[in-house]
Structures are given as C-alpha cells and as structure tokens.
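Here chain A shows up in two complexes: once beside chain B, once beside chain C.
After this line comes the complex of A and B, so read on.
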C-alpha cells in the first residue's frame, strides 16, 4: 500500500467508518443518559431555572482563582491545551473547509503561522499534564489505562498535524494520512471513553445549574 | 534517425546552435540536476562524445502522446528537442519516419547492436486484461514487447504518469487491467518521471544525467528523481504566503482569485504533489497551472484520477459521509432505545422487588 493509497483510504472509507462509529456511539450514550430518567420536580421553582442552568454551563468555563491557587499546573496547562485544541481544530483553514464540506457551516480562519504556534503550546501543555499526572502521587493513584489512552489519542492528532505541516519524519502524504487516521482513532474511541465529556459537560452543567437554582442556590 | 558518426555538438552546430548556447544549456542542465558548476563541463563532454551516446528506444503503450508532445512541441525548436534528435533515438512511433516492418526492423537492429546498453523510455500503461488484447503493436501485446525490450536495456525510464503509476487507464474501474512499467519490469533499474505530461526539462535532465554518469540519478520512494520531485508544489508555490495568511480564493472569479490568493479551497492538490512545476515552470519558464489561476491536479502522483474531485479541497472527504453518519446515528438511537427499555425494566423490577423496612426489622437488627 503506497502513501497515496493510505491517504485516499483515510479520506474515503476510513473517514466514513470513523464518523459512523462516532455518530452511533454518541447517540447511544445520549439515549442511555437521558433514559435513566429523573422524577419530575413538582415544586414551583423560585427563579427561572433555565437561565441559571445556562449561566452555569458558561460560568464553569471561566477560571476560578481558588482552584488556580490549589492546583496551578493542572489548571494552567489544562486550560491551555483545551483552548489550544479549540483553536487548532476549529480555526485552521483546511479544518474549516472539512466542516464546511460536511455540515455546510463556515467561518474565517486564523493565519496558519498563528495556529502553528498554538499547536506547539498545546503539545507542550499536554506533555506537562502527563508529567504532572505521573509525578504527582495522588494523580498517579487515580489514573488508569483509560486516562493514558485518552491522553494519547488527544495528543496524536495535534502531533501528527504539526509534523505534517512541517514535513517532519515522513513525506507529507504519509504524515497527512497518519494525521487523518489519528483523528479517526479519536472519533472511534470518543463515545466510549471519558472523551465523551466534550459533549456531556453541557448536560451535567445544565442539570447541576437547574437543580441548584430550584433550591435557590447558585452553582 | 540520427547520424551516429557525428558528435552532438556538430549536429547542433548544423542547426545553428552556437557553442556558447550549447555550453549554457549544459550549465543549466547541471544546475537543474543539483550538480556543482564545475560539473557542467562534464555534462558538455559527455553529451559531445559520439561514442558515449547510447541508443534510445521509446515504447508507447496506452497513452495519448501528450508526453511526446510535451517534449517535442513545447520547446520546439530549442536545444532540448535537438538533443533528442541527436541522441540515437532508434525507435519512436510518433517521431520516426519509418513505419510498419521497417520500424520494427529498426527496433530489432538497435536492440541487437546495443544489447545491454540502450536506454528504454516508455510512455503509457500496459493492459493485462483479455490477454493484453487492448493494445498491440505489430501483432505483439504491449506486455510482450515491454518484456522483450526491457531485457536488453541498461535502464528503463517511465515517462509520464501512465507508465509510472498506471495513470488514466488504471483509474477506477480500470477496464483494460492496466498496470505500470514497474509492475512488469523488476530486474532492471526503473526510474519514474511522472506528470501528465512531465516537464520537458525534467525528461531531458534525467536523460542528460544518464548520458553523463551512465547511471540514473538518486530516486525517491516512488522511483522519481529527487532533484525534480524533492519538494511539493505547495512548498515552492509563489502563492504560499497567502495560504499561510489564510487568504483563499473562493471562486475562480472573485476578488481573491483576481488578487492571486491561494487556490487550496478550489481544490489545489499542491500540498500532496511532488513535482518541479512551481520552480522550472512550463513553456520555457513562462508559467504553470497555479500561476494561470487553476489549482494543481496532482498529476505526478499515483491515483490522481481517483483522489476525489479536482475542485474539492484536499482536506474534504473523497466520498460522502453524511449518509453513513445518519444511518449510524439512527442505529445508535435504536440500540439506545433498546438499552433504555432494558434499564427501565431493570429499574421497574428493582422497584417491584423493593420491600419497606419496618421499625420491627430495625429492632431485630
């Protein structure tokens, strides 16, 4: 199989398979979560709980100084790599083109040199959080196989994308194919691991905000 | 077709090419091949020595003659085409005067006289379907002719993407069962000079290299000479700064297109295409596709006909994914509903089996 064969497979059947597994898994998980069911709260809520729920979804994206002081490395590196992932995934021109071709949505891209810089910062922060996870005795105790697996499949697309952009190690076609395949791996395991938090965070924050507001508490 | 006793320089002089012009050509060829300036005299010496001019046999199989057109017409009547007249090009369908038995006789003679030392150039793919009946020459299938001629060749050069990688004839669904030269010839050095067609200077450059050093230049993993196929079009493109700044033409006639912005979004395959178009250019260095406003088709890469649409961006899927995704999501919903039903029934059973703890039970404990 030549590099071009691999690239064509990753852009064709490979992508279709990965996206299908992703869609299957995400819908399945959402059904599972929502079908657990909650008893209807018949008490009259004190405030507009929907607005509070929305505010909680947003508020928990913002930095909290208290937690920053307690766990600065997790906090700074964690924020950095999440922000970095957002930039490299959604603000790089070829990626926007991919989204446009599949979903029809489009927005302006950032200059690729800037995205490149953000990719480097993302990689550094991912390495920092891993080192911190291994060296911190409590975090190491709490970490299992899934934590290292999700870390690796998050790192790989950024790393291979960076290497493809800079023509490192392999010819561009091979590296681009590996980059696309690494993203497909991410899509495949996403619904079945804690990577699913990228979707469920909205559900759980909404629920927490809603239930707290019913009780007159800000969450 | 040539006059074997005369040196190349004499032949060129006859056609009005000055010594200065010839040496300039040698220096250009040497620098194009990435050789130090001092090597230009070696190139000149090799090209002017009649004794070292090998016989060249050119076989045309499933092709469109575009590669020959590229070589002979784009530069005509410059030094490059004269070089090809001047080397002993003993067999070439389009260029030779002889036809029929006389042509085949010329091939047989050239093979006999130069057995083991002639250079074999091939354009076009080789059909294997129906016993090779899709393309025959003088009653021979392309396959048998290639095998026969390759046997006595010093080296084989696949000119054009069809010979190098199968090209258009091999594109899905490959009705003739076409294969590349390298699929057939495995016991000889084979160099691929892909392109649809290849740049004339590249064809001449690699032949000049063979004449000068008696060997093929350094090749990449796909058998292409690294000097010409070492960089992607994208990396050498004069529009690259626009890509880096995120400035893209959205249609072939918008402001971006008129400002010469990057053609990535219009389907340019420059990033995955290794060729020298952006540096050597075409028609005597005049222009190349991207410069004239059209994206690169990726013609020097394997399977370029099967790599998705020419006008869809490189980062987009080459087959639709929406249908598969929607089907998968519906399947997920169905399985999810089944799981939900199972969970509810578990919950119901647990509820039914639940017994209340009375104060008596607690006192007992």
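After this line comes the complex of A and C, so read on.
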C-alpha cells in the first residue's frame, strides 16, 4: 500500500466507517442514559427549574475560585488544552475548507502561524495534564487504562497535524494520512470512553442544576 | 455470595436512573471533587475523593448498563463487585461522607455526587454493611419513634419544664391549628429551650400552632442509612398526624436532614404530594419578621458568625432567612469566607454523628470549621441545626476553643419585645 493509497483509504472508506461508529455509538450511549428514566419529583419545587438548570450548564464552564486556588494546574492546563483543541480543530483554514466541502458551512480562519502556536501550547498542556495525572495522588487513584488511552488518542491528532504541517518525520502524504487516521481513531473510541463527556456534560449539568433549583439553590 | 449481598446489588440496580448514568458517563477523573470535601482536605488521603466513594456503584453501572461493559463482562474482562469490597467501602460511604453536597457544587461536568452517595447507601444498607451505630439508631426510630429512644413521656417532661420556665402553655394535639411543629430528639434532650423559644415567639406573633403526640420526631434515620422503606414509614407517621389534625403547615425544626427528609424526600417516599405545606422554622420566622409579627429589641453585641447547616442551606435553599434574622438581633455579625451554598460542613451530618466508629475521623475533619471560626476571631457561633450544634460543641471542646454555640431561634426569642405580656 502506497502513501497515496493510505491517504485515499483514510479519506474515503476509513472516514465513513469512523463516522458511522461515532454516530451509532453516540446514539446508543444517549439511549443507554435516557432509557433508564427518572422518577417524577413529587415534592413541590421552590422555583421553575428550567432557567436555573440552563444557567448551571453555563456556570460550570467557570471555576469555583477557592477550588481554583487549591488545584490551579488542573484548571489552567485543563482550560488551555480544551481551548487549544477548539482553535486547532475549528479555526484552522484547511479544516474549515473540509467542513465547507461536506456541510456547506464556513467561517473565518485564524492565520496558520497562530494556529501553529496554539497547537504547540495544546501539546505542552496535554503533557502537563499527563504528568499531573501520574504524580497527583488523587488523580492517580482515579486513573486507569481508559484515562491513558483517551489521553493518547486526544494527543495524536494534534501531534500528527503539527508534524504534517511542518513536514516532519514522514513525507507529507503519509503524515496527512496518519493525521486523518488518528482523528478516525478518536471518533471510534469517543462514544465508548470518557471522551463522551463532551456531550453528556450538558445532560449531567442540567440534572445537577434541576435538582438544586427545585430546592431554591443555583448550583 | 450471601443473600444480603444479592439484596445490595439488587438495590444498586433499583436506584440506577438517567441522572446517575449521565454523571458516570461525564466523569473525567479530574479529582476536583476532592478539593471540595473536608474529609480529603483535612486528611490529604486520596481515598476520600468523593467520586471514588462511588466506585462499586460505578462498576455496576458500567458492567450492566453500557454495551461495552456488558461485552467486557461476557468475555471476562471486567472485575465484578464483591462483598468484601462493599465492606471496605462502608467507611467511605458512611464515615467520610456527610451528604453535605459541596462536591456537587464544584464538579466541572456537573455531577451531583451527594445525590449518588445517598442512592448508593440504599444498596450498602441492603447489603448489611452499614455501620452499627446507624443501624441501632434506625431500629430505635422504627420501634421507639426516635433514633435516640426519646419517647412521649420524655417530651412531656421537657414541655412541663419549659412551661414552668416561660409561664406559657405548650399546645399539644390541637385540631385545626395552622402550624404543626416537629422536633428532633437532640432538641428534646439537649436543647429543650427551643420549645420555650417557639412558645414565646408564636405567642407574640399570634400564631396558632400545636405539637402532635403521635408524631413529634422530625429526624429520619432511614434517609441517612439508605433504607427507603423505613424512611417512608417515618414520614408517613408525620403525614398521618398532620393530615389528621388538619394543619396548614408543618414546621421542620432546627435540624438539617429532617428538613431534607420531610420537605424534599417525603412526598417521593410515600408516593404522593402532601395536603399541607412544609417549611423550615427559619422560613417561618423570617416570614413573621417581614410581616411585622416578630418584633425584637436590642442587639447582641458579641462578634458572632453563622454556621449554615448543609441540608438547610446548600441542599435546602434556606440561605437568606437566617442572615436577615441574625442581622435583626446582632450588631457584629461576621460572615465566614465560604458560607451559604458553599459553606463547610461541621463533619457530623448525614448520619456520621450516629456512627461511633467515625468519631476520630470526624474530629480531624472538624479542623476545617475550626480554621474558619479562628479566621473570624468570633466567640459565638450561631447555627440552626441541633446536630450541627452538638458536633460543633464537641469539636470546639476537643480543640480547646472558647466559643459558645447558640441556636438561632433561641437567640431571636431572647430579643423579643415583651410589652404585651
């Protein structure tokens, strides 16, 4: 298989398979959550909870300042890599072109040199969260194979993208194929690992906000 | 595998719902919940990380309620929960969690961890791994009507003493009264002056109220140990008494979990809404104050602060009322840095105070409250929960701190205008 074949496969059948598994997995996981159901609360609520539950979904984007002071690395590195992932995925010109060609949606890109810098920061912060996970007693206790797998699978697309952009290690076509394959790996494991939090956190924050709001507390 | 272990596992399956599945799906193992938990911050032991306390429940969810988990279990890749593990987790679920819910306020993905610990206790209790002290309290609540074994004659004796002290008569079983007042055993035995204080306040405000000889105990060991059938029975006693007397409102006493039991869990436990309202005593007092029916004079000039009982503030929504009441009778009220919905627990809620084996850990965890009080330089600590009050007094004594603990209702009663005697 030549580099070109690999690239063609990753762009064609590979992508189709990955997106299908991703879509099936996400729908399945949402079904697994919602099919369990929830008993109606018969206690008279203090307030209409919908607005408060919605507010909790947004409020949890921000840290509690006391907890931030107690655990700054978790927050700073955590924000950095999430923000970095957003920038490199959605504000890099070739990615926007890809989205435009498939979905017809388009928006302005950041200069590639800036995205390049953000990619480096993202990689650095990912290394920091890994070291923190290994050295911090609480995180180490909570961590298992899945945590290291999802870390690696999150890192790979950024790393291969960076290497492709800078023509490092392999010829461009090979590196680009590896980049696309790494994204496909991410899509495939996403629904079945904690990466799924990117979707389910909206559900859990909503429940949290709803439970608290019934009692008159904005959580 | 024992029959009780099977019952425990069945109870885990019984409590599994969409919120729990979404919470476990969302957890990224960031460990920030640990920083919100006084059992972790005061010991530094990672095993007290709140989400870790749920590990057996999480594995049941993962292995039985997700496709990947079920596949893993089929090919023998998963580690099933064992009876021994539940025994090990008993300390984490009962001794090192007061259901204070602070972790639920800070989790970035929004997990309500306290909600899950409450649910997990249903399985732990069914599996027979709940602590002895809590089992005893629960048995006394069912057979004697009170976790501390306080029966009606004991209450009647305390009422007579309070009547002699205040010169008022304390109403009992008054048909059609507006308010039915509940008490906690802790109040009856240790702080009976609460009853006298209520008598004085309600007399001035012209409130029609009563106690019930059939149901005066508000505390509910069932929701602490995690036995919903028992919890429902204890709530039903109150509901029968209140609906029998035809009262409009039942008043939950200065007790945290009693409010959670009767106000928030009660209707769900008995399977229907009530035909009366439930309010916390602080809500009632603040309503009376705002209506001009609770008139006070003079101010306590001591520097003092307010300790929010978790189930009344963070898990109950009664946050502003105690502050308004306190400011009306105290001139040097100082707020702790983290207060209200983000208060720190006294360390003895959620059944921990009834759990003897947890005492040593509880006193270590108290260092958090100690630090908060010391930072303010106050010599008086006001609160509104008899259980917090006992725990605070024990903690302060243990650390040789000269701080007085006062109940808010009594403090208000001391400042009543007594012109219309």
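Note that the second predicted complex is superposed on the first by the 213 of 219 C-alpha atoms of A that agree within 3 Å, B and C clash if a C-alpha of one lies under 4 Å from a C-alpha of the other, contacts with A are read in each partner's own complex, and residues count from 1 in each chain.
Keep this in mind: a contact is a pair of C-beta atoms (placed from the backbone, for glycine too) under 8 Å apart; a residue touches a chain by one contact, two chains touch by 3 or more.
Computed from a prediction, not measured in an experiment: that's the story for all the values here.
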item: Combined model on chain A: chain C and chain B, fit or clash; value: fit
item: Which superposed partner A:186 touches (first chain B, second chain C, both, neither); value: neither
item: Touching partner for A:27 - first (chain B), second (chain C), both, neither; value: first
item: Vertex chain A angle, Cα centres of chain C and chain B, expressed to the nearest 10 degrees; value: 170
item: Chain B versus chain C as contact partner of A:171, first or second or both or neither; value: first
item: Which superposed partner A:11 touches (first chain B, second chain C, both, neither); value: first
item: Chain B versus chain C as contact partner of A:36, first or second or both or neither; value: both
item: Partner chain(s) touched by A:57 [first = chain B, second = chain C, both, neither]; value: second
item: Contacts of A:85 with chain B and chain C, given as first, second, both or neither; value: neither
item: Which superposed partner A:143 touches (first chain B, second chain C, both, neither); value: second
item: Which of chain B and chain C A:196 touches, first, second, both or neither; value: second
item: Superposition-derived minimum Cα distance between chain C and chain B (Å); value: 6
item: Shared contact residues on chain A - chain B and chain C; value: 28-29, 32, 34, 36-37
item: Chain C-facing residues of chain A, complex; value: 28-29, 32-34, 36-39, 41-44, 46, 56-57, 60, 63-64, 66-67, 70-71, 74, 78, 136-143, 147, 192, 194, 196-197, 200-201, 203-209, 211-212, 214-219
item: Residues of chain C touching chain A in the complex; value: 16-23, 25-32, 34-36, 40-41, 46-47, 49, 51-52, 65-68, 104-112, 115, 263-268, 271-273, 277, 313-319, 338, 341-342
item: Residues on chain B engaged by chain A in the complex (per definition of touch); value: 220-222, 232, 235, 243-246, 248, 264-265, 271-272, 274, 301-303, 306-308, 312-322, 324-333, 335-337, 339-340, 343-344, 347
item: Contacting residues of chain A [partner chain B, same complex]; value: 2-5, 7-8, 11-13, 15-17, 19-32, 34-37, 93-95, 97-98, 101-102, 108-113, 167, 171-173, 176
